[in-house]
Amino acid sequence: MTRIRGAAWIMGAFVVGALTMLPLVTSSRSVLTWGFLVFLYAALAQSWNLLGGLAGQVSLGHAAFFGLGAFVTRVLWLGGQSLATALAAGTAVVIAAGILIGAPTLRLRGPYFAIGTLAVAEILRITTGNLFPEVSTLPARSLAGYALAPRYYLALGAAVVSTLVVWALARSRFGYGLAAVREDEDVAEAIGVHVFRHKLAVFVLSSALAGATGGIFGYYHLSFYPQFVFSPLWTFDALLITFLGGAGTMWGPPLGAAFYLLFREALALRLVEIHLLIFGALFVLVVLAFPGGLIEAWRMFASRWIAVRERGG
Amino acid sequence: MTILLQNAVFGLLIGGLYGLGAVGLSLVFGVLAVLNVAHGELIMLGGYVSVWLFTLWRVDPFVSVLAAGPLLFLGGAALFRLLFTRLASYSEEVRIKNSILIGFGLALVLQTLAILAWGADERAVTPSYAGRVAAIGNVVVPLSRLGAMALAFLVLGGLHLFLTRTRAGTALRATADDDQAATLVGIPIGRIYLTAFALGSALAGVAGALVSVSDAISPAIGLGWTLKALIVIVLGGMGNIFGTFVAGLFLGVAESMSGFLLGNAYREVVGLVMFLIVLSVRPRGLFSR
Amino acid sequence: MSGDRQGLLQLEGLTKAFGGLLAVSRVSFDVAEGEILGLLGPNGSGKTTLLNLVAGALRADAGRVRLAGCDITSLPASVRTRLGIARTFQLVRPLSKLSALDNVLVARLYGRDAPGFTAARRESLQLLDVVGIRGKADAPAAHLTLMERKRVEIARALATQPRVLLLDEPLAGLNPTEVDAALNIFRRIRDSGITVVLVEHNVRAVRALCHRIIVLNYGQNVVQGAPDDVLARPEVIEAYLGKASADFQ
């Protein structure tokens, strides 16, 4: 098992290194865009994974934080603030929203947390659509200077950071506490884990990462209606990628994101809508039959392979 | 004053359908502890049954109810066999969580299927009596909506009789109350689950067909209806048909009033806000399971 | 106000009602440091509710709970655990997807006087040794037998370094051999000086372990005293033991 982990780390470092070099090697728009999207979705899924995978809190309102981050960052950036300021402010707003939304909804039990977060996201989506019905388009001066590479690096950074956060958390005392919360809240409380504080902390952390990812999207996308970034589809994509790769695992979301975008691009060439159909069905299949996702399948394969080799040699 | 009254009437009329749209979801959740968040998509499918029967053979939408109910009953039975039977062995908490995930995926599949099959556009049924109204003083009552509400009321009454006066209905209620005890007294629980899910789907189908009487149908309407159904359930109490109906009317009036007072764009928001307020006061909902 | 000869755990007029049903009604008693107190009573007499009130899983409607003189009545369960109250559940509740070791480790990390990771791991392995399940340290809790899960649950409670340990029918569902094994574990706990409140129907176990017994009925404290005295009283035999009386000849 340690051998597999070590190999995964070396591979991961190698892949990240290679991805960092990519914009130096190629300036192909389609390659960089594809890379950008993989990182963006990996970061978004990883942020959901923190909350849903590690802590077991199935939120259906993740789009609210992605959207809020995207919207605030974009408004500030287009309003003349530096990108760094805009991103920081966007993330700060999302952290505040995470506390405001998390505190009441995390007290809900059973299905009501999922539905409550969905309701919050829908309220935000509808209200944003009402207040800001105009499409947001990059002005000509921004378009002239538009370069993909910085967007690419930002998204890569978000994916790496969120993955490292999951890695660090899973090994920390806090991460162990979250695992206890996920398995049984009463038991967690009985062994000294303050359940509500743990849930709120991970909710805010997850929201902040989703918001920062949204901010990067707001910086990247040429033109969209403000309502679009609050669409429940963002939540769905995050869930799908997480479950596809393996919920609660560190490599699941990046792997799931690469897989998801490969298929999406391949399918979208033929028909725009059909990828949603296939992924919806795939998601149901994964939840029903392979709750461990791709990562679990890979582990089973790898441990069998090692067992066979050790028996042989 | 008249305009307030007019809005209240419109709210009541649409509210009857909210109650009907919610009752199937409530039934399924009560009996199976499965929260089918694709319920709104089933309502959408019921709407399309009516739209197509009208487009192809000019079938009256009120008559299409007779087709939409049975068709969705069969469809629901198939979905249950395919997706939800496996959940029966899980604990209630896991069952609810997984059913939400499965429903989320199912909703996307059904919505996309509808777009692929029929396009993303809105479609409407236009019977000869569309737009005809009865005037009571200064207040106008659209007849098609009145008919839809009356039928919704009848269906809910029928459901009430079924649940309280028949063997199968009693078995359903017993299972909702305590599925282990129900098994002990010899109720075939697998079949009850199947029946409840199929019946819940049939109710969604009927609701969808009635929605088509006065509103346009499009593949995207599902999520909105699921949310409305959830709001109504939380407001009205679980497994309480009368409460569901009243909560539906209440939501309808609240939406229509707030649409009038705050602007139409905020209709949807009001229900969701009420929903959150009720939940934060009673974290397990007004009903407790 | 904490006199030094007071009990380590003090219950004072604890009351809890569910709807109209009075589950626990003005129960008061002290548990001395190092004492093993048996809590008996028929089903529905409020024993588990009382444990929940002490552990903090439920809030009392009235009355006080004190630990070493400090009022803990309004503290949440997690804080009480860190102050030194641990409990097991009537139906064992392992953290299913975690290994046996991780079940104990997380409790050690959050319990009283929690050490760093390395020490916590070492101590958790020792605890698995104490309850005799070291060999299954890496097995997921979901794959363990009932007895093994009970062992994990006891190790998990011990890992929080309790001053008071609340055991809720720890012997239920075990066969005689397993009961003997469990009794050996409890003797070790007793000898280590941890104060124990034991809810148990197994009279032999109660007689073997407890210094003192309190019998609850209808949520009230009916009788208390030394095990042999209490178990010999006719009203106890009638009210509670009834059919089980053959058990303790």
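Which chain is which? They are A, B and C, in the order written, and residues in each are numbered from 1.
To be clear about the criterion, contacts are C-beta pairs under 8 Å (C-beta built on N, C-alpha and C of every residue); 3 or more make two chains touch, one makes a residue touch a chain.
In this text the structure is predicted, and so the values were computed from the model without any measurement.
Undergrad: Could you classify the connectivity of these chains, where an edge means two chains touch, as line, ring, star, complete or other?
TA: line
Undergrad: Based on C-beta pairs in contact, work out which chain pair has the most and send it over.
TA: So the chains sharing the most C-beta contacts are A-B.
Undergrad: Going by C-alpha centres, which chain would you call the most central?
TA: So the chain nearest the centre of the shown protein is A.
Undergrad: Just how far, in Å, is the C-alpha centre of chain C from the one of chain A?
TA: Whole-Å distance between the two chain centres: 43.
Undergrad: For chain A and chain B, what's the span in angstrom between their mean Cα positions?
TA: The separation of the two C-alpha centroids amounts to 32 Å.
Undergrad: Just how far, in Å, is the C-alpha centre of chain C from the one of chain B?
TA: Here the centre of chain C sits 48 Å away from the centre of chain B.
Undergrad: On chain B, where are the residues touching two or more other chains?
TA: none
Undergrad: Any chance you could list the residues of chain A touching two or more other chains?
TA: Correct list: empty.
Undergrad: Along chain A, where are the residues that touch chain C in the complex?
TA: Counting only chain A, the residues touching chain C are 173, 176-177, 179-180, 182-184, 186-195.
Undergrad: What does chain B use to touch chain A in their complex?
TA: 35, 37, 83, 86, 93, 96-98, 100-102, 104-109, 111-113, 115-116, 223, 227, 230, 263, 265-266, 268-269, 272-273, 275-276, 279-280, 283-285
Undergrad: Could you list, by residue number, the parts of chain A that touch chain B in their complex?
TA: 58, 60, 104, 107-112, 114-116, 118-120, 122-123, 126-127, 129-130, 232, 236, 239-240, 243, 271, 273-274, 276-277, 279-281, 283-284, 287-288
Undergrad: If you look only at chain C, which of its residues touch chain A in the complex?
TA: 55-57, 76-79, 81-82, 86-87, 89, 93, 95-98, 102, 105-107, 109-112, 114, 117, 156-157, 159-160
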